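As structure tokens, here come the structures.
The following pair of complexes shares a single chain, subunit A, combined with subunit B in the former and subunit C in the latter.
Take a look at the complex of A and B:
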């Protein structure tokens, strides 16, 4: 039988049964679209740093070991490591990367605060083969060379070719742009806007030994450099470790000599170097100081399971929807069989129908993917373009796979229909074994249960997010902003601060090296009365107004009296976590000494005078870090000013502030953040996860709705004869409805009941990750489960009502 | 054409066994027009299914075109059926998604005929049954008589050796029933063996021979003089 005849029949069938055919098509399209999106995500996560032409041979060195009481487990390495590694056998290239601090970049008609300014070795582009849009990578060898990304070029220079333009930074270094490279792909752990030749940094630090970063030139314990190696073909991780072991003693002596300058006990330090394949970094790195936060491989596993589940649900829905109204096709199958159609030909016919369904559904799914991709990128915090996805060599296989899904799903109806006995099927009555009905019901229970679980989890996550936002953070985020002072000139800053006081909207202001949102650096202290114990405390330098501006309250003791500070002895505040850690109470007197002074005469002592509330810097998901606050009115070191406006005067205050900034400090845009936004940023990942959960909950709800519709239609068909008889006996319509759906209701109830313990377990498992969580009460379950029940019953009764009416009155 | 010897067939479920045919012996020769008459439950449908090669007897022998059927696999019976037997049903059983033309063409699709051959045969059937004016219509747009006429055209378009009709007038009025029976007679005139299963004696009398079934037994088997003759 010609294929075209099958296809023609398919479309006529589609039109005649348009409601169900459309439902089937929509269910299949949604299933394929969601599978594609999940597949794209998984593929994206697995493709990290595999774009480089020699990515299989590129590794990154990392540091691990002990530094006194502290463990080193860092993605960064000593800068000097590069020169040692370059001499190792089997190493083809070593290239180093240092992320620079935020700085103002100036050029002709350009003044911009830039946070993605890196220093890289001149051979960087030999290892990471980013395409040069303009310029030449050989020119990057000159010491003052700088390469910028394409988007940066467009942002700063517009259509102008920037090659040969000069850029300057705050430290007086001038760079010449020698190249514009394509932006780093989103699926790379590396990304920068500016890459200056490493030599420029080295020359600067050799000239300015007073700069703190100058220590990196020879200090093996200054871990600020990311070192990448390109190994010769065939030299793997293990072989390289052996080669490195041979150079171990040289390393050790260098490391110890570095340490001796800082500590008395070299026996307590060990620094080891390992290497990891570059494509393992994103998913498998457990190191600190990563350039880009890695993703847990758990996500990939969870999404792979979701993918399989969605595929399964899609296939089952297709089967259920195509066979729910099977009796309509019985007659056709029987007639074809009577007139000589063999089983093989019927299978062929139904498979062609499934392929046509899949082709149309795949097309619809691709349109859905195209439309959903921007939202998907936003929620998943990834960068996938549909064009980029289509260009992937594996895309064709992805499409073939989705087609196979349709074919696989179509195989069951094909076998089912072709196996019908014509003399039975010609009567149009449904002959399904009881276990088949039960199996269908249990599948509905499973889908309803799983969707209910996802809805409970989403609701729980929403409640937890609301709880986190409203919880005590140790500061008042309302009516307060933080201004980044990095781009300001020192003199101008003084002027800005003076004029700030004249703003009528101002309530308080204060300066600090760190504000909420920053992770304060850890510093080693020891108690003056117990020198054996080294304590790591986060340290923040603040001025007198900082705590008031933040709205942080003093819990005990008093504030710092700056007049009592001198070069060797200062007053300090600690937070509640540090007070607990140290066992400090306001009645005590306690002093801490800074560890690591250059000599015993150089020891700085800090007298604790008060305890401040725990100011959360990264959100209450993380434990409050013990922290010490030191008074510092040296404006050079202070990065931020926190400004609190009077109640209700935020908007006009920000306006006045922006004006003041423009007039006094800089012609650059003011870098201003609302404290509320900073607080919101603490829970960005939680919000994302909750959105993802809700998204999958809604998809599952949609897929379950299709399953419910097919089940309800099937039940009516299955009990058609009994419904007829009851109708003849003048049974009211609602009785017919209840009779037709009595098993359906049971299966829905079973799914909801099973969801209660499972969702309870999963919700608590998720909340275990939080130090503080909301009180999980009964209504967290009741609201989503009742909604699920109502939606299921509504969809079921609506379908059944329609089907019964059609059966009775058509 | 078709012969049965001591044919036995029963239908059973877990609890009950219902005999449908008991020692049925029937011989139908080539070109005959036979009516198998009987009330509901007389065994007509069981005989229709066995003669139509859809089912096998529990015991006894069935010969179709000289071949004994009980030893044939389902696939072999399917092959034997294809192109040799045409079927007409009480409820017409036209495929709703197909036009009149396509419904008539359907059996030809399984006979490895060229498109041209199929077209010629369908056109011939349309002309014979005067269906040309409704060839593009769909079954739901037709009257009962028109649907049954299409069904007759479908069953005879490939010139089968045997045409089986199961209560072909059961769902149409008596005058339309007469038309259908006349068409069956015309089909028989073209050399096709026709067996009509019916519970209406006025239809049975249109045939050359009536075999009467009662509770699974053949009670009479007699040739009759056609009213036309």
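Take a look at the complex of A and C:
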């Protein structure tokens, strides 16, 4: 029989059993849509930095080695490395990326605080071939050239063509826009709004050695540059390492002379350089100082398992749903067999039906994906457009996947139906072996159990998130805001800070270089009484109001007395973690010295006078870093002002603050963050993971519901004769229902019971990653498991009730 | 035409057919009569190639059908055997015409030829105005006539009918038997009919009585 006849038969059967067919189609569509979304995510993660035309030959250099007792393991390298590597055999291009600090960018009618400003070598666009929307890459050779991204151009210039416009920065360097490039793809570890030719700044820094940034030039201990290499065809990672080893002695001599100039003992410091393929960075880099946080390959593995699991559940649901009402198709199979249809032809027919189901479901799923993609992007923090995904090769994969799913899911019903004996099938009675019934039941147990596990995990994650939010962070996040002072002129800022005191809503205010949410840089110290050990401490400069404004408490000792500070000796506070690290108690006296002063006569000594509570900067899931607080009240040095309002006056305080900013620092928008929002940001990833878990829990619940419906319908069909006989013998409907579903209830209970130890193990495994976690009580299991049980029984009894009525009254 | 030699069949410990010998000539209408459990339906299924005997063989047009492979047997059944059931067994999603065409299409006949042959048969069976009706829109007698047309579409050597009138009223029972007779006259068709209705059996050319797996007359 031709395919078209089978397709027509499919549609007629579909209409004839429309309710059940629609349920099958919805189950299949949801399964395919979820599979596609997971596939898109996995594909996206694996495609990082593979878009560059020569990505197979692009590598990034990284630094590793020892600095005293500390390990160097950094994605950044010294800027001078680029010059050395460019001379290496096998290297076609070397290009460097130096992240700039947040800065105010000025142009004609433009003044904007920008945080994504990079300095790059003039050959950057030769290696990373971003498309130029306007201008061209050859003009980037000029020393004062700058290229901006398309979204930045639209943000700053609107529809105006920005080519030729001049942009200035705080250091006084002026740049000319020579190109607008398309935004970096989301699946790249690199991203910028501004790329300025490094040449101009380098020339300035060579002229102005007094500028702090000049320290990076020719300094092998200053790791702030990302160095990319394009290797010649055929020169891989290993071959290059060999070439580098051969040239090592030259490199060593440069490094050692640099150490000596920095007054470091070459014996205490060792710096090595390695390279890694650019497309391995996102998933396999374990280096510090990455430009974009890498993703663990574990996520990709977990999501691949989820993908396979969803596909398996979808296929099983399809099988269960198509065979649950098998008796309706028995007669058709029997008649076809009676009239000479061979088994192969019947298999062919059922496979075609499954494929048609899959193709329609794929179309519905693609619509679902299109609708769900924005929310999916938001939850997963990625940037995928359906247009970007559905390119020709991917479309073929989707069709292949669909066909495979159709064939896989259709295989069992095809074999099942085609193997029926016509003389038995013509009677329409269900003949399924006992092991088949048990297998079906166990599959339901598995799905119920797995869904219950996911629900317990989601609930546990929600509880842990609530615990993290409410836990002690060393500061009080209520009624406090942080204003970024880095955005305007010193005089205006000074005026703003002075006038703050006039706000009637103000309780406290204080300034600091770092606030919670920032990651304070590590600085090397030595104990004055033990110069053999380098101590790495996070360092923050604060004024006298900072701790009160943050609501951070002094645990021991006293506050800094700024009057006692001089150029060589200052008072300092440390946090509790540093006190533990240094073995300091308030009864002791302890002094620290800064390592790497400008000269041996210029040693700065810090006397520790007190211990502050651990102020969490990145959330309490990480251990508290040992930290030192130094005094600084210079507005130009400290970046932030923390403002605490009086109880209940937060809203009017922010209003007054904004007004004050407008009156004093009128040319820039106020950059204001609520401390509560900053604290919330610590747990962004945990929140995301919890949302993802809940999302998959709900999807699993939905897929399990389809499985439950098909199982309940199957059980009624399987016991229909017995149910019918009991009905004739005047058994009440409730008894018929319980009789029909007695095994079903057993399988659901089995799934729930199995979920208890498994979810307990998984929840504790997940909580092990946290330093502090909530107390896991019984209700964390009871609420989701009871919900799962109730949903399963409700869906099962509803379906069975409907099926029994249909069997009895038809 | 149809010959069963020494056919035996057991289900577990129960022997349903015991060394049955049967021969049916071309154009003959034979009824197999017997009480429930006599083995008449099992014999019909074995003669109709749907089940295999434990012992013995079945010859149709001289071919030993149970020696054929599964696919050859399916093809053989399609070309040479027609079936009529007690409950018409029309497919609800198809019209009368399509139900009738089904065996021809399974046999690889093109749609046009199958359609014209089906129309011819249905017209002969007084169903010309019911071609596009679905089974649910037909009366019991009409459904059974469509089922008979479906059995005849491939010009089978023999039509096996299992209690074909069991679900019909007496008027339709009479009409169905008359139809078999007229079809035999028109197409020289052979019928083997299983029934427990003695009145119906009396209208056939020959009646075979079965009891406890044996032919008693």
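Brief remarks on what is shown
Operating definition for what follows: the second predicted complex is superposed on the first by the 801 of 810 C-alpha atoms of A that agree within 3 Å, B and C clash if a C-alpha of one lies under 4 Å from a C-alpha of the other, contacts with A are read in each partner's own complex, and residues count from 1 in each chain.
The working rule: contacts are C-beta pairs under 8 Å (C-beta built on N, C-alpha and C of every residue); 3 or more make two chains touch, one makes a residue touch a chain.
These numbers were taken from a predicted model, which means no experiment stands behind them.
In this superposed model built on subunit A, subunit B and subunit C take up the same space, so to speak, and clash. By the touch criterion defined above, A:335 lies against subunit B and subunit C together after alignment on the C-alpha atoms of chain A. By the touch criterion defined above, A:34 reaches neither subunit B nor subunit C. Once chain A of one complex is fitted onto chain A of the other, the partner contacts of A:355 are absent, as it touches neither subunit B nor subunit C. In the three-chain superposition model, subunit A touches both subunit B and subunit C at residues 1, 5, 9, 12-13, 16, 331-332, 334-342, 345, 421-423, 426.
For subunit A in complex with subunit C, the touching residues are 1, 5, 9, 12-13, 15-16, 331-332, 334-345, 421-423, 426. For subunit A in complex with subunit B, the touching residues are 1-2, 5, 9, 12-13, 16, 331-332, 334-342, 345, 421-423, 426. Interface residues of subunit B, counted against subunit A in their complex, comprise 49, 52, 54-55, 75, 78, 81-83, 86-87, 89, 93-98, 102, 106-107, 109-111, 154. Those residues of subunit C that touch subunit A in the complex are listed here as 45, 50-51, 70-71, 74-79, 81-83, 85, 89, 91-94, 102-103, 105-107, 150, 154.
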